[in-house]
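Have a look at the structure below before the remarks.
We call the chains A, B, C and D, going by the order they appear; numbering starts again at 1 in every chain.
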Amino acid sequence: MLTNSNVAFRRLFHSSVRLSCEGKKNKEVKPPEEAGWAFNHVEKKMGMYKPKHTITEQLAYMKSKAYDDAYKGLPIYRWVNRSYSRRHDFFCIDKHGRFNLNHACPVCRDEYLFFDYRNPALIEQFLADGTDQPIDILKSGLCREQYAQLKAQLLRAKEHGTIPFAVDFRNFDYRQWYKQWTDEPGKPVERAGVRLQDIHPDPLVSFPTFKNDKGNDWDEWWLRHDKFARKAK
Amino acid sequence: MLSAYQRLNVAAATSSASLLTSACTSSAQQQQRGLGRRMPKQGKPPILPPAKKVLYHVVHVPWQKPEDVKELLWRRHVYNNAVTSLREVFRAELQQNAAIGKGIESMKEAEEKELEELISENERRNKEKAAARAAREEAASRETKLTMLNEIEETLLKQKEAKRKSEQEVQAAIERSAHFVTKDNLETKVLAALENPVVYDFAIDKMGNKFPNPMPVKYQEGTPTRQKGRLYDETLGSKITATVIENTAEKSESSETERANV
Amino acid sequence: MLKFKPLLKSSLGSELRRGHSAWVKTNTSSSSSVDVEQLFIDDEVQKLLTNLTEIDLENKVFRARRTTIQQRSHFALMTEERLEKTMERMREEARRFLQFVPVKEPRTQTVKVLSQDPDLETFDTSKFVFTDITFDATDQDRTVVVREPNGLLRTSTPEEHDRMNRTYYQKPNRPVFPPSLFQDPFLQDALDRNEHEFVLDWACWFYEPDDPAFIELSHKIFDRINARRNFETITSTRHFGPFVFYLALNENIPPLLNHFGGTGRIKECANLIRLQKTLRPDWRVTIAKGDSDEKIVKDYLKQNNRFRDELTDLVAFLERGVIKSKLQSRETRTVATGARKQATVNARNVRGAEGPLGNLSEEYAVKVVKSEGSEGGDFEQRKLDKTPQRRGRWQRSSSKPRNKNE
Amino acid sequence: MRKLVIPKYFGRPSIGLALFGCTNRPFYHICVFPDRALGRRYESNILEQVGTFDPLPNSKNEKLVSLNFGRLKYWLGERNAHVSVPVLELLGLSGLFPIHPKTFVRARDNREVLKAKEAAAIEAASKKEDEEVAPEEQQSVAAKV
């Protein structure tokens, strides 16, 4: 929400109005950098069209101050208004491009944002950190269409190399490629497969395999807390 | 499409099963079953016989051209002969592979052999590991025995030490208790105490000088004395300074004597 | 109709090229047929290549990468010697991660014609590709046969062969058609972002080592690294071996020599020259057995002073012992980490932007208050009275600011 | 009435194309059925799958066929399996079998159709030229008049 005073002097107009004036060819439309990012007064967007923007505008917008003020450097899904009843299979925009509901998902409601493999920054916000997998749809608060777009554009980004990821390590058996090579290949190596307990067998720090802390959530008390809290209600 | 056939076959299976089990079902139902048209389940679309369009549709195959027929005749014969001979070739190839040891059975045997090898190798490795583990455990147990023995010795020593110390204490206590007051020497002790009473009525300062505050004897033996002053007039302060001077004087003389005779 | 005519003709061309390996680009003086694979497996060369690949655990071999599953990080307190032992174990593990990608001659593009049936002409509009999926056929010796619409039955080209393998035997991150990262606009973008290792890793996972496309792609990347001189993107990775082998084979090692010289590693320079000597025995530089590294490098410089302008850092190091700035970039990285430890706020910049208040310091007057006690209040006071009508950003009532677009 | 039958041991096994995939996207599995009489549309009576055939060409105009030659030889040689015509054609094209007569016939028919189309195309082209020529003649005639 742009509250500080330096926004006032910018030209504030309704984004969809901008859409209609595009129809009239005579008025030259300045690119958003000079014209200033569209500021959306409209609270309730039901039934309105979502304006179309290009990828270059989106890239410029994501670097702009307006974006920083709006989202303060946090990933977009942190600003989702969780008080609305959010099912995971809702659609913000119908097939004609109009909004279905007022509380749109973080990507649909912001007119410049849409998932695209040429803008990895936006996709990376929705990835579980340290992995190349998207987070859960309920956690991301995205509608079904945008979640599908996220997965599709993530795959495209991987294929086009804008989002690097860990390719598995290919263990070559030289005897298969060179006839004269005789000695055995070493133990096959696996990416992220080096375990600390193999490298540093410290008797004091015991990593009992049968009790390894995989899958249990001993340090995520809030998960258990929610369960009881809900039961209590 | 598939589901229709599945339903038909399921019907066949159930019908045959029910035929076997319930011999005495009503004749109408059997008859119906005989016709193969079973009543569909509640709410399901009825099972219809194949449509007339499908039933009475006649496929008119166009006549082949005579030269085609002639050519296809000899091609078909050549082809069929080739196929039969090929089957023969394949059979021979399979037998040959089986003979050489590349066939399925030989592969199975090879797998079994390999399995046995692996199991035996595994057992061997387990035995080795067990032996190594036994040796390690035995060494460890020996070591723990040693440590336990040491600990026992230490505790014994400690206990002996403690016993000796406590014996000494007891001895000291016994010696000390020699002149305790007991039932039998009670009277003598009391009389002795009466003779030389020990007076604790004194003050002491940091230096260890004692400042007795004797009660006037006359007063104790029953004849009241003349009140020379009020009890509280006496203040230890005045006495203290006097005796302190005396004591220091005595000490300086004794220290000189000591220094002299050293 | 017969799209295949050129290919058959080219098969003759590649015969000639057979003698001349694909790895040797420039037909240098000794353009005799060089058996690249034989050379690569030679123990001497393998030892030299492993020595040349340095092991950089933190930034390269075990750097933070995106995995498919989130992993918990494990911490362990260690004594100094225990840490040394662990690092040694990690180094040994890293050596296995730095296994070289096999250097292979590309498979021939020629196809063998199995049978010709002219009267099968136009039996169908499209080709038929037959793949044998017998269970004991490995990726390499699987038979893939193509029937052309003109009735010609031929064996498949390497590209088709691999595509069929990828279709019928799927592996993760191995789609059927090559990803567009391996074509140029995107390849150049990735290389500009210094993701050479990622591209090469994916290429060696996606293609077979003797696939012509893979060899051509890796050569392209090697040339660009050599042209751009950013060797640090590929050092201490599994592709550094083939990269150095490729350079030594084509005799353009001066840039790499310059890089090693700049960072003062004479041993690597000597190893590089020995490698080129082993690969090109008829090379003019003579290397005696017991030579010291220093001597070898000096001889090299003496004999090839045509590269003198390229070897400025090496020469600088030899004569004046100057370590090049490239090392600075690594030092700046270390310095940066070092700086973070010292206190950044001091008397001078406490009021400015680097101070505790950061960019807030422009909006508010910052007064440094010595004692905690009474005066603390007026600092708050000053902050408030300066902007009475608008509450500071921190005192915003609702935890979630109204979004720009709502 | 359908006979009670144990698919594994009944009659002569037959190799045919079982249609998988969905509407507008056919995909055939080349698989072995217990007998021709039992029909091949019933999924659970497939003995074994020895290959796949994708009738729709991919972007490189290729129709992909995969065949498990080892098992195929077993069923053909050992078990003397009956093979349906399309599978025979495929085997013919793959080179394991000689070319099936039907493929020759189809090839010849396609050639004839192509030839006919070309001829028609040539006629159409020539007819178009006549029309262009005809109007010019009329204009020249008009100009002359």
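The rule is short, and it goes like this: contacts are C-beta pairs under 8 Å (C-beta built on N, C-alpha and C of every residue); 3 or more make two chains touch, one makes a residue touch a chain.
All figures in this text were calculated on a predicted structure; none of them were measured in a lab.
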What chains, if any, are shared contacts of chain B and chain C?
D
Pick out whichever of the two, B-D or C-D, is joined by more C-beta pairs in contact.
C-D
Based only on mean CA positions, could you tell me how far chain C sits from chain D in angstrom?
47
Starting from the mean Cα coordinates of chain B and chain D, work out the distance between those two points in Å.
67
Whole-angstrom distance, CA centroid of chain A to CA centroid of chain C, is 27
Residue numbers in chain D touching two or more further chains are 104
Which parts of chain A, given as residue numbers and ranges, touch two or more other chains?
none
Residue list for chain B, restricted to those that touch at least two other chains
none
Among line, ring, star, complete and other, which best matches the way these chains touch?
line
Among all the chains shown, which pairs meet the touch rule set out at the top?
A-C, B-D, C-D
Using the touch rule from the top, collect the residues of chain C that touch chain A in their complex.
37-38, 41, 62, 64-72, 74, 76-78, 82, 86, 89-90, 93, 96-97, 99, 101-102, 104, 138, 140, 171-173, 175, 179-181, 186-187, 189-190, 195, 198-199, 201-202, 204-205, 209-210, 390, 400-406
Counting only contacts in the complex, chain D reaches chain C at residues 51, 57, 59-71, 90, 93-95, 99, 103-104, 106-108, 110-111, 114
Touch list for chain A against partner chain C, complex
1-3, 39-40, 43, 66, 69-70, 72, 79, 81, 109-111, 127-133, 158-172, 174, 176-178, 180-181, 186-187, 189, 191-192, 194, 196-197, 199-200, 202, 205, 207, 213
Quick check: in the complex, which residue numbers of chain D touch chain B?
1-2, 4, 39, 41-43, 73-74, 76-78, 80, 88, 96-98, 100-101, 104-105
Residue positions on chain B within touch of chain D in the complex are 1-2, 5-6, 9, 12, 16, 36, 68, 72, 75-76, 78-79, 82-83, 86-94, 104
